[in-house]
Amino acid sequence: MDKVGIVGVGQTKYERRKVGETYPDMIYEVTVKALDNAGLTIKDIDNVITVSNDFWDGRTISSMAVQDACGCRHKDISTVEGDGLFGAFYGAMRVLSGSFSTTLVVVHNKCSQSKMNLITNAMFDPIYTRALGLDAITSAALQARAYMETFGVTEKQCAKVSVKNHGQAKNNPYAQLPLDIEVDDVMKSRVLCPPIKLLDASPITDGAAAVIWADEKAAQKAKAAPVWLKGAGHMTDAYHLGDRDLARSPALVGAAKKAYALAGVSDPLKEIDVAEVSDVFSYMELMWYEGLGFCSEGGGGQMIDQGLTGMNGVLPVNPSGGCLSANAVMVAGLARLIEAVLQVRGEAGDRQVPNCKNALAHGINGPCGQSHCVMIVGR
Amino acid sequence: MAEWEQATEDIVYRGRIKVPYQWWVGETGSHFFIKLRDEKKLLGRYCARCNLVFMPPRQACPRCFNKEMAWRELKDEGTLVSFAVPAYTSELHPLEPPFAYGIIKLDGADTGLTHLVAGFKEGRLKTGLRVKAVFKEDRTGDIMDIRYFQPV
Amino acid sequence: MSQKKDQELLFVSSGEAEQPFEWSAGKHISKLLVEMRDHKRLIASKCPQCQKVLFPPRRVCADCFVEMDELVPLKGRGVIRCFTVLNFGFVDPNTGLQKPVPLASAYIQLDGTDTMFLHALEETDFHKIKIGMRVEPVWEEKRQGQALDIRHFKIIDE
Amino acid sequence: MGKRTAIVGTGQTKCSSARKDVNGQELINEAVRRALEDADLTLSDIDAIVIGNMDHFEGINYVDTWSVDGSGAYLKPIIKVTTGGTTGTTVAFAGYYHVASGLFDKVLTVAWEKNSESDTTGAIVTAIEPILERPTFGGAINAMALQASMYMAKYGATEEDAARVAVRDRKHALNNPYAHLHLNITVEDVMKSPMISYPIKYLDMCPRTDGACALIFASEDTAEKICPKPVWVLGLANRHNYTLFGDQPLVPMITMVEAAQALYAKIGITEPLKQFDVMELYMPSSYSGVQWIEELQLCPYGGGPELIASGVTDMGGECPINPSGGVLSTNAIGATGSQRVAECTLQIMGKAEQRQVPGAKMALASGFGGCFWSDLMALGARKPG
């Protein structure tokens, strides 16, 4: 693989409701931030990937809203619909193809503007499943139960993820929900759909994010040292929930395998210094530890018990606070990647993991983490 | 922010997307729903190459693309693989509480059908429970011709 | 396949399902809508770099990639740059009901602006509409801060 | 540097106004299966998949994950790209970049739409800015008519000029078994058809179609082993400028002007009419068939009517346009751009049967959509240097 690296990043503050801001307002903010961060101007950008979702935005061709704001006039541009990390991966491919020297990737979502359960119900098959009324929470509860019962993972272990990530968010000025909570608070929080409680679930969030990819030559022009793409992979599981073994994530195993192979990683727990994973629900983080090979199958609960993924653990996970602390759905994966970049740069402030060389970012698409993207960036 | 911006109220426009959809079920699915509607029978599709019976039915095997799949009649009883009892109300919920979402592996099938579970006492659902389909009286040829599954 | 060729082919209907949205207008469009609602006035944005005046107002000048803070009041009249009269019925996605046709619409360039924008015309006989004709807005009595506070534009003699 | 990339297989479904015999995933599967057969590959050969359509046309969120049973993405990488009418070309672009990046050797792309599942114009209206534009917008017919009225006023083009394109494309479709409409019509028929949005009459406009189109892209490492005549991607360019419809001059359509300039500069095109042997262009109304060939530099501005009348773009002419019958004969919107690429591929492979342009070696495919957006992809028989 040729070299492609991130030279600029930008995020909005993640908030429950940005009532005065439109999608282009947010995208302009993060585009300018990413350009400033890179020390580049819009003229240095030779193609753009926007990422958005037509359901969340209530607009077919939702990308149309942000064409002016992402500075794409007179440039090649395309649009990925899905999690921002998948969009970032496609943005990197376009540089690797040799056609472009830089790609700006932008993503936006205002979850406050629509109804989460109606939007996520539309993920389900209109012929066989949708009329049942499943949404992101009830479907996740099906998976949580399957996973927890299969491996004996407890609600308290899941609660520890929430405590960890909300606590870590206190050091991230962009996070929406920095919280000082204990396991008991999570256990006593309002039950949404057992085993999922309010503090096991990520919030409704508005926000946007941007990154700039550059090839080796273009990166020289940027003021920040590039954080290189070391490896990436993506993969999807079967669609119907009943076709899947919901307790396991073979698609994540496959995506990680590809990313590790490209990055030359054989023991992720040792070789990855920090990981930002998609903790849309607290149980997911534990499941993804397993899929990412941080521990053996069923070992996620023990991993959190042992504190291995806390800030002082062997592999800190979600120093940003994760999706539990801000989840502008499409933005989530790119927010994970941006945190990974900041960690590698040593710019993560009070949440900095010392001596971070390789960082992992992870994003998901579809019901119950059906599709995964894993990316490893480093010095 | 310019002065006029600070002084301007934030207008929020309330609208909707209400496009009517009709999703064609296709020949395979239509056969399945007609059997369900007319005979209260549940049919899966068998791939001999993968030796798997899929439920809901597929025209071709989603694993190996085999198009020569066969119909297999399944029992209207099965095992609860997982379940979820929502503790919140939603306009989407088709039943009054208590009800559950369930993944049900029908006897004779290798994959689970996601559907509703009802007719249970609160707190009494368990994975592994045996459940049986309760059919609607006036069936119209769609997945809701099964009202729900209830514990045997 | 075992089923007959002339078999009944079923469909599943979405019925009355809909997704509601609350779209933020943002400061620029909010200001425009407030001006329309309260004063029957139109405003545009002016780019500090290229000096172009863009209607409807918005934050970013796409050509210069700069923010536009300056608002410019417009007189409200304009000229038809192109037009059509639609006779093809369709479902209005905002109501789920048939949209009334004929629907006459035009790209109108308002005096003092460098862009066109889409709105409805009063005249629905296409023989009577010509490119270059002058138009002015017809305001609703009760205005709610939305696009259709201008019911349509009517052709005027000047 | 990136890998040189070719198309080694295409698959198109039967297209009709309502494919009631298949659901969405099954329609996709029909195209995928045909593409694999065409390339003589199996699903296990495919390294990654790209899919595209428009969410609100079928009311399905996360089409990438929904599609798995049809697209064959089980335990494979898949992403969704979508850009409105340009989706079909956007999908093909993404297939190209996946392979050219060197990360995937064989990539399957699927573009599809089942327009029969919703009210197409109602769904198209949802593509527009919701607060200011949506309340008065009347869909694609409306947009095409607005542009046509401006073009006619500027250059004095007539309704008959456009009707000739409607007749040409429908005539070409008679030789294409994949086309939705097979209409043998005359200019008089077009002129007599009902006015649906002045100046567009019923026969000036594309149909709404159910259909899917799959393409298989392969790198220079394997393309020639898979396929005796791989069709190389020579270059591609697009412009998706503008957020609001009225921001741009519609005549000329600036996105296509810029995309053509960028593409032609990249691959050394100075006389497109001579250098391309055939073109498949996304032109949803007969009027766009007159105007947009000017943006593509096939003739000077205002020269479209004369070029059409000269027969240069007919079968047997110097540069036939739309041997497939074009969008006026088939418009499964999300699939449409990919169908243009597929037809160019068939022409260069020499597989276009009754509609074969003899000796076709270079072809141009276009996509159109969004806010008057344009995509262009040039394809050729000769491997790029």
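As written, the chain order gives the labels A, B, C and D, with residue 1 at the start of each chain.
Note that in this section a residue touches a chain if its C-beta (ideal position, glycine included) is under 8 Å from a C-beta of that chain, and two chains touch if they have at least 3 such contacts.
Nothing here was measured: the structure is a model prediction, and the numbers come from that model.
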Far-end chain from chain B, centres as C-alpha averages: C
Pair of chains with maximal C-beta contact number: A-D
Distance from the mean Cα position of chain D to that of chain B, given in whole angstrom: 36
Averaged-CA centre spacing for the pair chain C and chain B, given as whole angstrom: 41
Approximate Å spacing (C-alpha centroids) for the pair chain C, chain D: 28
Touching two or more other chains - residues of chain C: 9, 11-12, 14, 19-25, 27, 29-30, 33, 58, 62, 91, 93-94, 146
Sequence positions of chain D contacting 2 or more other chains: 20-21, 23, 56, 58-59, 68-69, 74, 119, 122-123, 126, 130-131, 134, 241-243
Junction residues of chain B - those touching two or more other chains: 10, 12-13, 15-17, 19-29, 62, 142-143
Category of the chain touch graph - line, ring, star, complete, other: complete
Chain B to chain D touching residues, read off their complex: 13, 15, 17, 19-29, 58-60, 62-65, 67
Touching residues (chain side chain A, partner chain C) in the complex: 18-22, 24-25, 28, 42, 55, 58, 67-69, 71, 73, 110, 112-115, 118-119, 122, 126-127, 131
Contact footprint of chain A on chain B as seen in their complex: 10, 12, 15-17, 21, 23, 25, 29, 54-56, 62, 81-88, 90, 92-94, 101-105, 111-116, 127, 142-144
Of all residues in chain D, those that touch chain A in their complex: 1-3, 23, 54-69, 73-84, 90, 93-94, 96-98, 100-103, 123-124, 126-130, 237-243, 258, 262, 369-371
Of all residues in chain C, those that touch chain D in their complex: 9, 11, 14, 21, 23, 25, 29, 33, 54, 56, 58, 62, 81-88, 90-94, 99, 101, 103, 105-107, 115-120, 126, 131, 146-148
